[in-house]
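As structure tokens, here come the structures.
Here come two complexes built around subunit A, the first alongside subunit B, the second alongside subunit C.
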Partner chain A sequence: MMNYAIRRSGQMLVTVFVISVIAFVVIQLPPGDFVNSYLATLSGGNIVTQDAIVALRAQFGLDENLVVQYWRWLTNLLQGNMGISFQYQRTVLDLLAERLPLTLAITIPTAIFVYMVAIPIGIYSAVRQYSLVDYLLSFAGFIFLAVPNFLIAIIAIYIGYRYFGGGVGGLFSPEYELAPWSIGKVLNMMQNMSLAILIIGTSGVAATMRVMRGMLLDELSQAYVETARAKGLGEWRLIMKYPVRVAVSPVLSTIGFVLPALISGTEITATVLNIPTTGPLLLNAVRSQDMFLAASIIFVLSILTVIGTFISDLLLVWADPRIKL
Partner chain B sequence: MNHDRHILLEIDELKTHYHTPQGVVKAVEGASLKIREGQAVGVVGESGCGKSVMLRSILRIVPQPGKIAAGTIRFRRKNGEMADLTAMDSNGRAIRDIRGGEIAMIFQEPMSSLSPVHTIGDQIVEAIQLHKRVPAAKAREMTIEILAKVAMPRPDQIIDQYPHEISGGMRQRAMIAMALSCEPRLLIADEPTTALDVTTQAQILALMRRLQAEFGMAILFVTHDLGVVAQMTEYVVVMYMGQVVESAPVDDIFFAPRHPYTHALLHSIPRLGQRSAGQRLEPIRGTVPDPFARPSGCPFHTRCRFNDGQRCVSELPALREVGPDHQARCHYAETLGLSGVAAPLERVSA
Partner chain C sequence: MIRTFAPTRRQFLKLGGLAASSIALGGLGGRAFAQGSQYKEAPQLAEMVASGTLPSVDERLPEAPVVVEPLESVGTYGGHLRTGIIQNRGFQARSAWGPEPILRISRDGQSVEPNLAESWEYTNDGKTFVLHLRRGIKWSDGASFDASGFDFWWNHVNLNAELSPAPMAQFMVQGEVPTFEMVDDHTVQWTFVAPHANLPALLAHGPGGSIPRYLPRHYLEQFHADFADEAALNGRVAEAGFSTWAELFNNRSNVQWLMPFDNPAMPTLLPFKLSRPMQLNVLVADRNPYYWKVDPEGQQLPYVDDIVLTNYESGEVRDAAIAAGEMNWVNTDTTFTNLPLYREGQERGNYSVKLWQTDRAAEHTIMFNHTVKDPVLRELYNDVRFKRAFSLALDRQQIADTVYLGFAVPSQLQMIPGSKWRNEEWATKDTEYDPDGANALLDEIGLTNRDGQGIRQRSDGRPLVLNMDIPVDDPGSLAVAELIIEFMREVGITFNVRSIAREQVRALIDNNDTEVGIWIGDKCSDAMFPHSPEWHVPYLATGWNVWGMAWAQFYASGGQQGEEPQGDAKLVQELFDEMQITVDEARRLEIGNEILRINAENLWNIGDVGQVPIPVILGSNLRNYPEEGFTGFSWLGNYNYQIEQTYFEGGAWSGERS
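For the complex of A and B:
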């Protein structure tokens, strides 16, 4: 197990390096650069001379060859310097430090929420296949799978506003917005966040529940389940010990994708809900070709993905001894 | 011959039906048999004749949507009381005490019958702790002991291995060890050697005979292999389309069958020297009828050489005594004069 973890860590380093190249290149792909989009946003009528453009490019280091730019970005990155956001005129590190904790504070509880709700529902649906409850859960699951999260967010805002007279968006209710930190403010934040978690998590719950149900249905008819039954085990105890244990493997293997899916999937929802996570920041950075900011966010998110996959691999090895180390 | 022994299990006119959207499948439609303590009884029949469903009915583990529709299954508990298993709640305390504790079952596929994600030891220890109040360390000790009894090589190592790490024959030994771990008085074996190669099959059969003698338990041995029946059992029950069509001591089945289906089964299997004696293999005519459309009258009439076209087609024959300890379900059981096979299949001693 230890050896496996060490070997996988080595592979992670290689993966992270490749990701850093891709993240950097992808950001360069759209035609033009920050200077173009910066000039485009300047109020019309001002005539910018060619010299000014060249000077701007030189100032941002955009006139150099791509490999040099990448190398400078990477070496700086390794020293903890992620560069400066052209648009915000602040260090990327600052911007991320502001938003990443909040992103994690939303996505990690969301991931936990997804698994805690989806796995039991999936188990129940499979064991009571074709029961009324199974039909209702499956129906609701398909609806939430089909409706985009941001639409649910908009509906929640509407319902919250129309019937409860309060705003749903943002981290705090208006009365706490500018108030100093207090227990009330923390509670208020948690309350607002739980709604965000609920909204962001719905499609994850719907998808994971379908996977769990399908996997468990396959396992329930396996011969080893009958063996356990013939032994005299009680029905629920044997279901939890045998088929669920086997069926949960594919669900665990999705942890690697769920983390980034949540983080990127939350972008639009977070924008709608007006929650200052990295999502809206990334959306903006990409739109304005703020390359160091965008590349850094993508890079950080990718590292989280790699870590998520690593965790799910370790869990898989624990869950299924047939996976050779 | 065995009338001095107590009856351990008595199935009387059992009917187990499957209610499917396409209609009712009468998987078991009138099965009756008796097993005495320590007796080895064989159940034979083609695939789909209801053997497996009958076994699962005994343990009350018939998969959905199967239901016991009629009949009784009476079992002599450890305390001597006869209990009707069909009256029990299929997930209740009473039947779960019997499962594994008093009636154990081994299955056809040793590959898939053990959980792939638990060690052999984990699965046997669990069975022991379900039925006996022993601490974990003691249960582990007992597991190594029982693994040694089924001639498992290196039992103290195998106990911590996973099923995929050992061979098919060893897995079936582990299954047998699990079944025997709580000293059941009845062992139900559902084609336990079908999935194994011939050499391993012979070893497992020899092992089961030895263990039966050692533990003094009764065995209900289901197979479609008549050779295995000849080796393993003293009494044979023949099933066709969910019904018992003939039951008799093993020698009577081979030498003096009374039901045309038993006769056809016997003559459809090849024997050594048959070709040089100028005998041809006679397949059973036709195929098993559609379970949704059971034939009228005797269910075998569509394939029977002796079909009279009247009574056989209209009237279901009853299972009746046709000789000492010998029953058959045929209108003409006494008058057909069916021939048995000249020599029963070679018996292999343990």
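For the complex of A and C:
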């Protein structure tokens, strides 16, 4: 076990390094650089001379080649310095510290929500295959799988505006925005956040539910199930103890992807719902080629991914003893 | 409009203020002093004075505070001004907290008035520009505002290579940096190689609004290598997580949209000062207790308590929030096409939608890149018959009706109505819809060969395709571009529209890689055109002007880069050179007319429709804004209406939820 953890850690380091290179290079691929987008934000009345443009590139260190820029970023990163965001004139660390807690506060409950809802539903609709409830759940599942999250968010905002009067996106309703912390404010925030969790979680629930149902149906027709049944094991106990443990493997093995997917895949939804997670920050950073900010966010997300994958591997071993390390 | 309020207070001081003020300085007798005062202050500030945490209003105000005449009526204190910006682009937020430029644009937008400086003059045959600063103004932390700040900005920021990549271009005449002199505590002057005729207008616009960022030297010196103790400064840099002192300095003095955005400790001269930086998408700016303007009854301004600014990650959500009644002040980056939505929410949302005019002579200017790299296209784009054909092929009435709900008239990119350079003939030249005329012109140029689908072929036999890059976040441009595709098909031209991120459009333009460009036809006002004729003269090495990018780069780099312009393009650059050093108003009028005449002849810009109003969202009981006003970049939004004198009738917005 220990050996395995050490070996995996080594692989994880290599993976993270490769991702950091790719992240840094990909951000630079579109034409232009941050100076172009910086100039785009200064509109007329601000005459910028050719000398100033050259000097700006030098100031931001954009006149050097990519390898030098990358090396500088990486060595600073190893010393805990993620560089500064050109756009905000603030340290990247500062910006992440502001947004990462909220991001986690939304994604972790979303992950829990997805599994808590999807696995029981998946089990139920597999065991009661072709029942009315199975049809209904499958129908709903397909709809939520097919409709993008952000569209659901837009519809939710429209319904909120049209029928409940106000509350368009954001973490707090206007009446609580400036109020000091109180029970009402916390409840208000949880209310807004739970809507976000619900919306962001829908496609995850739908997908996981379908996988769980399909896997379990395969297992239920296996001979060992019949044998156990013949030996007189209680139906629910039987199902939970044997086929479910096998069927849950593919679900567990994707936990590693769920974490970053929830964080990065919710950019558009968070943008629409106006929730200040790292998603919109990353989106803007990539658009304006604010490279240290963008690269650092991607770097942090990739670390989360490899950690998530590691956890899912450990869980797999725990759930399915057939898997050897 | 602005007069001074001096004598009575001086008398008051003579009568018995001496003893009182010495007590007040000790922080004890502020209240007693305020009771005898002719000035009034907001209740929140009076409380702070009573508790001894703030000096009395008399001590905070200058001896002769600026008296602002309200637009309609004297106001009452109170209320939150609520506004929203999109993706941290706060263009419109600028006029929410002032701004307070060194000079200011008058309310009617036609002239320049005193502000932080009480007067200015040209001496030394016009080559020296002298600025006399107002006395007794205090920063929001109570420190005095004087000329030493200008010395700091000029010598230690503007001329410091670590902080400024290059000296501010707006202060250069004929490419030369002027000499600066601080004459006394309230007088500064610059001596140029030739008269800097546009300087007053610039000091009332962007440069004049952003320079004050560097004026609070009493605060900024601690972050500057020329002044701070080296070890202490290095400590501060490391502690804040930066690697150079310049990064720290820029962070501490960071101003976005003319407001200190991140650092509440940064002193300001605006009516509002930052109290909560942008956190979880919300920023709050409170009343500046040292604000130096009063109303005619002696009430210290501003009337409104604070500004609550929310950042929205998408424009559509911001607009939905407007309709849901979450805002009472949005006025520059609204979308005309969303007018029905704004109108629908009016009553329930406790706001009203006003339609104001803008500084856009045409909603859009469509520009063919005359310095495009493809030689065949370049020849075509430089042929004025081709551009006339394009212009005649546009059914502008259809654009006005379908995109702008009929609130528009066909127009070229000339100047806005009311400008002294407005010329009706040039503004409507080649704007009639005449597809037959367009076809005839295209045939005349020699574009007579057509392929199987009826598409005209270029002189090298390839199909004639016009490629336009358009920023994805302007729904108006996209709607117009879609119509143009149809109009061009009628005359046998394939018109391609590529919709990409704004930043990337900009990178393509800067590299002279754009073939056809489109942008909002703003800045066509008297306040802006003389110093920033962005569309009519190719002089910006970076910008949205597509039509002569290589020529502009040649101009901006002094011949180092780009291509040398010939003929009319060179002529307008020379006229612009002359405009910059010509103080005489009659000659300036002539120069402007000449530039615009050459433009009308060459059709470098092709306008679509003009006089489209912009929806302005104002709280139902927000007073002292005009019913029919104007707003746009030319006036940095509409700061000429002076946010400090607007107020909520009854002391709070009627739509406030509690």
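Convention: the second predicted complex is superposed on the first by the 318 of 325 C-alpha atoms of A that agree within 3 Å, B and C clash if a C-alpha of one lies under 4 Å from a C-alpha of the other, contacts with A are read in each partner's own complex, and residues count from 1 in each chain.
By definition in this document, a residue touches a chain if its C-beta (ideal position, glycine included) is under 8 Å from a C-beta of that chain, and two chains touch if they have at least 3 such contacts.
None of the values given here were measured: they were computed from a predicted structure.
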{"item": "Fit-or-clash call for subunit B and subunit C when the two complexes are aligned on subunit A", "value": "fit"}
{"item": "Touching partner for A:10 - first (subunit B), second (subunit C), both, neither", "value": "neither"}
{"item": "Subunit A: partner with more touched residues, subunit B or subunit C", "value": "C"}
{"item": "Touching partner for A:222 - first (subunit B), second (subunit C), both, neither", "value": "first"}
{"item": "First, second, both or neither for A:59, with subunit B first and subunit C second", "value": "second"}
{"item": "First (subunit B), second (subunit C), both or neither touched by A:242", "value": "first"}
{"item": "Which of subunit B and subunit C A:39 touches, first, second, both or neither", "value": "second"}
{"item": "Touching partner for A:89 - first (subunit B), second (subunit C), both, neither", "value": "second"}
{"item": "Angle at the Cα centre of subunit A, taken between the Cα centres of subunit B and subunit C once the superposition is applied, in steps of 10 degrees", "value": "160"}
{"item": "Touching partner for A:280 - first (subunit B), second (subunit C), both, neither", "value": "second"}
{"item": "Contacts of A:180 with subunit B and subunit C, given as first, second, both or neither", "value": "neither"}
{"item": "Subunit B versus subunit C - smallest C-alpha distance in the overlay, whole Å", "value": "47"}
{"item": "Contacts on subunit A seen with subunit B and repeated with subunit C across the two complexes", "value": "none"}
{"item": "Subunit A partner contacts - residues on subunit B that touch it in the complex", "value": "59, 61, 63, 91, 96-101, 104-105, 107-109, 112-118, 123, 126-127, 130-131, 162, 164, 175, 178"}
{"item": "Touching residues on subunit C, where the partner in the complex is subunit A", "value": "80, 82, 87-89, 91, 161, 165-166, 169-170, 202, 205-207, 240-243, 247, 250-251, 254, 262, 279-282, 284, 308, 310-314, 316-317, 320-321, 323-326, 348, 501-504, 506-508, 510-511, 513, 523, 528, 531-532, 534, 539-543, 553, 556-557, 560-561, 633, 657-658"}
{"item": "Residues of subunit A defined as touching subunit B within the complex", "value": "221-224, 226-235, 241-242, 245-246, 319-322"}
{"item": "For the subunit A and subunit C complex, residues of the former touching the latter", "value": "30-33, 36-37, 39-41, 43-56, 58-59, 76, 81, 84, 87-91, 93-94, 98, 102, 154, 157-158, 161, 165-171, 173-175, 177-178, 270-274, 276, 280, 283-284, 287-289"}
